[in-house]
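Below, each structure is written out as C-alpha cells.
Heads up, the next two complexes both have subunit A, just with different partners, subunit B and then subunit C.
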Partner chain A sequence: MRTKYLLIFFILILLSLSGCTAGESPETGGTLVVGQSTDVEILDPHRHKDLYAVRVSDQLFDKLVMLNHQGEFKPSLATSWTVHDDGMRWRFQLRNDVVFHDGEPMTADDVVFSLNRVLDPEFESPHKGDLGFVREVRAEETHQVSIELEEPNGALLSALLNVHVVPEHAADRLNEQPVGSGPFVFEERQADERIVLKAFNDYWAGAPMFSELVFRPIPETSTRLVELETGRIHIADGIPGEEMERLTDLDGVEVASTVGSNYSVLAFNNERSPFDDPRVRRAVGKAIDAQRLVELVYPGTAVAAEGPIPPTSWAYDDSFEGLGFDLGAARRLMDEADVDQDLSVELMISEDERMERGGVLLKSMLEEIGMDIDLTALEWGTFMERMLGRDYDMLRVAWSTDPDPDALLYGLHHSGSEMLNFTRYQNPQADELLDRGRRQADVSARAESYREFQEIVLEDVPMVYLLHENQVVGHRKGVNGFRPHLTGAFYFKTGFGVNTWLRQ
Partner chain B sequence: MTRFVMRRITGGLTVLLGVLFLVFALAHIAPGDPALLIMGLESADPERLADLTVKLGLDRPLWIQFTDYLQGLLRGDLGYSYRAQQPVSVLIFERLPATLELAGAALLLSLVIAVPLGTLAARFQRSGWDYVAGLGTVLGFSLPGFWLGLLLILTFALFFQWLPASGRGGSLMGGVVDLLLRGEFRALGLSLRHLILPAVTLAAPLTALLMRFVRNGVLQALGNDYIRTARAKGLSERCVLFRHALKNALIPMVTVLGLYAGRLLGGAVVIETVFAWPGAGRLMVNAIGRRDFPTLQGAVLVVAVAFIVIHLLLDLAYGWLDPRIRYE
Partner chain C sequence: MNRLSRLDPRIIVGAGILALLLIGALGASAFAPHPPERIHDDFIMAPPGTPGFLLGTDTLGRDLLSRMLYGARVSLLVGASVVVIAGIFGVTVGLVAGAMGGWVDHVAMRITEIILSFPPLLLAVAIVGVRGPGVPNLIIALVVFSWTDYARVVRGEMLALREEPYVEAGRSIGMTEAQLVLRYMLPGVANSIVILGTFGMASAILAEAALSFLGLGVVAPAASWGSILSDARVFLRLAPHLVVFPGLALMVTVMALHLLGDGLRDWLDPRSK
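Now for the complex of A and B:
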C-alpha cells in the first residue's frame, strides 16, 4: 500500500518537473523593447558617462573584463590577466575569436587604441579621470596587451569596466554608425524616439536569443508604466517605490531589483558652524532613523546603510555597525556641544520627488534635537554648483559610481580630492587608509584597509550614510533570465552566463 | 504691399535680435555652470572643469561670446550642442517634422471641431446645445494638458487598449506617400494611431478658445443689417449662417490662431513629455536643465522665426478676409 502511494507521489513529482522544463524551454527570436526615462544622445562609448547611454553601449561593445551579478570580475575580451613588477604592470591575454560587426577580427591593437583614445587629453573623454594612473598601454602580441601604471593600483580592473573596446578602423564614425564587437549590431537611431539594434550572429559568446532590441525614451513615469502594463515595452526603468506593490500584483509584470553599488548621504559642511563640531555631526547622525526613511520614502527600493560600502561590494563587512538611531544620545550630544538655542540650518536637496519627501522627513527628525531646518529644493545644475562650491550647511546627495571601493570612497573622503571632497573632511589617517587601499593589489588586504577606514569615518562622521538605493526595473513575465546589474546596467547576453530570452 | 512686408521683416529681425539677446542673457545670468554639468558629478575635477570651460569658450567675456554667436548665425551656423556633441541644426531639424506634424494635426482638429460647433452654438443661442458647447469650452480650456493627456492614456491605451500610449509611429508624410504610391494604408494607419491622443490633448484648449470666438463673432454678425437683407433676399439659412455671418466672424479667430501658434510649436513640451513625442519642445526644455545654451538658443530662435512668419502671414490673411483692410 505504502509503495503504491510513494509511486504515485514520484510520478506526480516527475510530471510536475517535466511540466516545468517544457514551459521553461528557451525560445529564440522576438523583439525586446526597453523603455528608459531618458533619451540616449551619444553612441560613441568614450564620449559619455551616463547610465542610459551605457545601457546601449554595453550591447554594442565589449570590455576587457566584466562584473557578474555577484560583483566578481569575469573574463570578457580578456581571458586572463596577471600582475607583474609589484603591481606596476598588468598583462591581459585576449580572446582570439572575436570579430567586430563589420567582420574584421579584434586584435591587441584595437584594445591599445581604445585605451589611448580615452587617455588622450585632446579627446576629453569623461573616463579619462578613471584611468589617470595609467602610464602606458602596449600590444605585446597579436592577442596580448600590457598596461603599465604610474603606481600600483588595485582599482584597475574596476576602471576598465568603463572602457569599451572599439575598432581602430571604424573609430571616426562611432557616434553616427557605431561598430563594436558586442552581442548586438546598430541598426538605426531616431532622436528622442528609438534606437534599434539587431542580434549579432557571430558574437564570440554565441548569438543572443532574441533577434531585435529596441530602446525607447519615455520620460513620463506613468506613461512608461502603462506601456509596460499593455506589453508594448518589455522592460521599464525608474520604478517609483509607491508603484512597486501595484506592479507586483499585475498579471503579466514582474519587478526585479538588485542592491545597487551606491550610497546616499546627508553631508555636512565640516568647515561651517555648527557642523565644524564633530559632536553636532554625531548628534545628527544618531537622530536619524534611516530605517524609517527607507520604509516611508523608499519602500522596497533601497536598504538602510551602516556605512558607505554597499552590501554588494567585496569590501562589505556585515559585522560593521553604523551610528545607529538613538534619540537620547543625540540630545545629550547636542547639550554637550552647547549649540545656539534657536539654531537654524539649511538642508539643501535637489528637485526630485523622493528627495523632497525624504527632506521633509529628515526635517521632522532633526527638529527632535532642537534643530530648525530650512529645506531648500534646487534644480540639479544650481544644486551641483552650490555643492561643489561648498556653499551649503547640510545637503542630501546620492553617490553612485564604479563598484570598486576606491571609486566609491576616495573622491568624497580624501583631503587631496579638491572638488569632490565638498564636505572638506580632513583626516590624515583616513587619507592614509584610502591611499593604501588604492595601492594594494590583494583583495583581502584592500578589504582590511577599507574596514579600518569605515571605523574612522564612523568616529568623525563627515556625513551620515543613509541608504543604498536598489536598481529596480519592471519587466514582462515573458522576459526570462534578466535582472538589472548592480551598476544599473542591462545585460542580455554575456560571456558569464547571462542569456535572456523572450517568450512570445 | 511690398513696403508693408519689408517693414514687417525688418521689424521681425529686430524682434529676433531682442529674443536672442534676452535668452542669452537669462541663460548666462541664471545659476548653474554648463561646464560643471557636462563634466558630471562623478568625474568632478578642477583641471577637467577648467579644460571644459576653455573648450566650450565659456571663459571669454559674455559680449564676445554673444557677438561670436551672432556671426555664426549670419553664416547659417546655429552652433554646437554642449551635451549631444552634434550641430544644433541637426538636433532641431531631426525633431521639427514631429513638432510640425503634431501642431498641424492639433490645428486642423480644432478648426474642424470649433468652427461648425461654434457657429451652431451661436445660431441656437441659449438652447441646450449652446450650454453643452459652453461647458465643453470651459472644460477644454481649463483642464491642464498633462492631466488630460494622462486621462486619455489611461482610458484609451490602458483600459480599452485601442491606441498606443506613447511614441511616434513613423512619419505622417511617409505614410501618405506610401498610401499614394503603393496603395498601402499600414504606415499611415500606424502614424495616425500614434498621433490621435497627443493631437487631441494639444487641440483641446485651442478648440475651446476658437469655439468661443466663433460663437461670439457669429452672434455679433447675426445682428447686422446685411444678415437681415440676406434673409430678406430669401437665401437659405445655411447660406446666411456660413457664407455671410461666419466669414465676418473669422477675423478675431485669425488673431487668436496667431497668438496661439507659438504655443502649438514651442509650448507643447508637457504633451510631448507625457506622450514621449519626439518633438522640439522637449529638446528646448531639456536644454535648459542641462545648461546646453547653444541648443536652447537655437530652439528658441527657430520657434521665434516661426512665430514671426506666422504673424506676417496672418496679417496678410486679414486683407484677404476683409477687403476693407489695405496695407500702405
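Now for the complex of A and C:
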C-alpha cells in the first residue's frame, strides 16, 4: 500500500518536472497576430517605402544583406561580399540552397532582375533614388552577382537593405499574389481587415516556429492597446510613452523599446523671412528646450537630440554638443537680428496627438523670444504637399530612414536633392562633406566626414534637431525571442539567429 | 402674475443651469484658477482633487477646470451666434415666403429641401474643410444647415395665420401686407421661434463639440469641450477625468436647454391652459 502511494508520488514529481522543462523549451505551431496602426495596401516590395508595408514584405522576401539588432551588416541571401577596383565594383556570393515559395530555386538572375526592376526609370520605384550611383548589375555565375558603380559608394550595403529579391518568373503578379523566398508564404489579404501568411517550411534558415502570421490594421491607439491587453493580438506597435508604465505592470504584456534611426526636426523655410536670417534660426534653436519637450510629450519614448545622427549609429559622436537651451542668448540673437516687433509666423504640423501637443509646447517656448506662433494642423497629404512645395514658415516633421548616415542626411541637406531638401538649405561645404561621406568605403573615414558635417549644420541651423524617437512595441509575454528592430521592422525568423516562438 | 407663479419647474432648472454656465463663461478670467494655456511640467495628467487643480490637469499639465471655463465660452458663443444668425435669416425667409406665396415660396422651400437633403454634420465638415478650421468658419458652417428649420416652421405657421379672422379683419381695414406680417403674424410665430431657438442652441453646441473633436473647430492651444475630449481620447484609461468632465458638461448643458425648451413650449402654448 505504502509503495503504491510512493510510486504515485514519484510519478507526480516526474510529471511536474517534465511540465517545467516543457515550459522552457520552444513550442512549435500557433498563430501570431500583429496589430499595426496602418493598413498595408501595396504588397509589391519594390513599390512601397513605408514601414508598415516593409514589415509585411520582410516576411515574404529576403534581401542580400540584413542589419542585426546591433546595427551590424549580416549575410542573408549573400553569404559574403568583396570590394574591387577601388570601390567601383562589388561582388556578392549568393547562397545556393534558396528556393522561392513556388519551389523554384533562387539564382543570380533573380537578384539581377530585382535590382534592375528597382533601377528601371519607367518602373518608378521609390527605392530608385537610393541606388542612383549603380551603373550596372551582372550575374557572374549561377550564384554570384557583381554590381558596378558610377563612383565609389560606402552606402551601397545600406541601399541594398531596401531591395527585396523577387523571382523573375513570378514578377508580374507580385502585388496580388506575392511570391518570395522569405520565411512566410502569402495566403490572403482583405483590405482594412487582415493579411494572412503561412510558415514556409523550406525556408533556407529553417522553418519558422509558429505556423501562421496575421497582420491586422488597427488605427485607433486605444483600441490597439485593448486588443493587446485582452490577448486578441500578440504584438502592437505605436505604444504611447504615457501608457508604458501601466502596460508593463500588466501580467501578460511586455513593452520593448529601441532607439530608432530617425530624427525629428523643427524645420525652417530658409528662403522666407524671417528665417532667411541665420541669427533668427539660431535664436529659435536656442529658445527650445528639447529635454523638456521629451519629458512632457515623449516620456520614455524618445531621447533629446544633439544633432541629426542618432545614438545608435556608428557615426554618432558622443562628444558632439548641439545648440543647447539658452534663453538669454536666444533673446540677444533676436535683438541683433532686429526682426519685426510683432512677428507672427506659422508652425505647420500634421494631425497627430503628439505633434499637436508638441506644437503647443513649442509655441509657448517661442513666445519667450517674442515670436507669435499660429499653429496649423493639417491632414498628412496636405501637409506633405505644402512641405514639398516649400509653402510654409516652420514645420515639425520626423525623418526616419535606414541607419546609414547617408540615408539619414543626404536627402534633407544636400543642395542637389531637389525634392527632399524642402528647407532649401544650401552650403557647398555641407554638400562636399555629404558627397565625401557617400564616396568613402572606410567606416571611420566616413564617420569623420559626418562629424564635420554636423559642425557645419550646427553653425547654419537649417533646422533644429529636436529628438530621436524610440520604436516602442508591446507584445504578449507568450511571444518569445522577439524584439523590435532598430529600423522599426519586425523579424521572426532570420539567418542571424532570430527565431520567435509562441507559448500557447 | 398668475402665469409666472405657475412657471414650469423645467424652465426654472434649465434656465438656472444656463445662467450658472453663462456666469462661469463670462467670468472665466476671474474664476479660472490658472491661465488656461499655462503648462505645468510637474503635473501631467494629474487626477481630480490634486491641490491647486480641482478637476485635475490635461496631457500638458494645463488646468482642466480653467480650460473648461474658457471652453464654455466657445460653446456658448457658437451656440448663441448660430441661433441668432440662423434665426434672423431663417425667420426672414419664412415670413417672406409665407406672406408672398407663389414662386417666392416655391424657390425658398426648394432651397431648404436641397440643404435638408445633406446629412447636416457632413455638410458642416465639408464647409470647414474648404474654409479651414476656426470658430468663425465653424459658425458659418452650422448656420448653413440650421436656418432651414426656422424658415420651414415660420412659413408653415404663416400659412395658417393668413386665414385667421383677426388677420382678415386687418386686411379688410386696408392694412398693407407688411404691416399685417409685422404687427399680427410675427407675434403669432414668436413662441415657435423661441422654442426652436433653445433646441437649435443645444444641437449647435453638440455640433461644435463634434467638429472640434474631429479637429475642425477651435485652433490649438485654445480649448473647447470637444477639443479637450479629442486630445484626451488616446489616454482614456490613464486619465478618464479628461473625458468625463467635458462630456458631463456637454450633457448637462444640452439637457438644460432641452428642459428649458420643453418647459417653454408647454408654458407658451395657449392650448395647454
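One rule holds in what follows: the second predicted complex is superposed on the first by the 480 of 504 C-alpha atoms of A that agree within 3 Å, B and C clash if a C-alpha of one lies under 4 Å from a C-alpha of the other, contacts with A are read in each partner's own complex, and residues count from 1 in each chain.
The criterion applied here is as follows: a residue touches a chain if its C-beta (ideal position, glycine included) is under 8 Å from a C-beta of that chain, and two chains touch if they have at least 3 such contacts.
Note that the structure is a prediction, hence the values are computed from the model and not measured.
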- Query: Is A:S444 touching the first partner subunit B, the second partner subunit C, both, or neither of them?
  - Reply: neither
- Query: Regarding the shared-chain residue A:S319, is it in contact with subunit B (first), subunit C (second), both, or neither?
  - Reply: neither
- Message: Tell me the contact category for A:T223 with respect to subunit B and subunit C: first, second, both or neither.
- Response: first
- Task: Once the structures are superposed on A, label A:G359 by its partner contacts, choosing first (subunit B), second (subunit C), both or neither.
- Result: second
- Answer with first, second, both or neither: which of subunit B and subunit C does A:A377 touch in the superposed model? second
- Query: Now for A:N175: first (subunit B), second (subunit C), both, or neither, which partner does it touch?
  - Reply: first
- Message: Between subunit C and subunit B, which one touches more residues of subunit A when both complexes sit on the common chain A?
- Response: B
- When the two structures are overlaid on chain A, which partner does A:Q504 contact: first (subunit B), second (subunit C), both, or neither? neither
- Message: I'd like to know which partner A:E243 touches here: subunit B for first, subunit C for second, both or neither.
- Response: second
- What residues on subunit A does subunit C touch that subunit B touches too? 222
- For the complex, which residues does subunit A have touching subunit C? 221-222, 225, 240, 242-243, 246, 292, 295-297, 299, 351, 353, 356-357, 359-361, 363-364, 374-377
- Task: Over in the complex, which subunit B residues touch subunit A? Could you list them?
- Result: 31-33, 36-37, 39-46, 48-49, 51-52, 55, 83-86, 91, 94-95, 98, 146, 150, 153-154, 157-158, 161, 164-168, 273-276, 278-279, 282-283, 289-291
- Message: Touching residues of subunit A toward subunit B in the complex: what are they?
- Response: 41-42, 47, 49-50, 121, 124, 126-130, 175, 190-194, 216-220, 222-224, 226-227, 229-230, 232, 379-382, 384-386, 388, 397, 399-401, 411, 418-420
- Task: Under the touch definition given earlier, write down the residues of subunit C that touch subunit A in their complex.
- Result: 37, 39, 41, 44-45, 59-61, 133, 215, 219-221, 231, 233-238
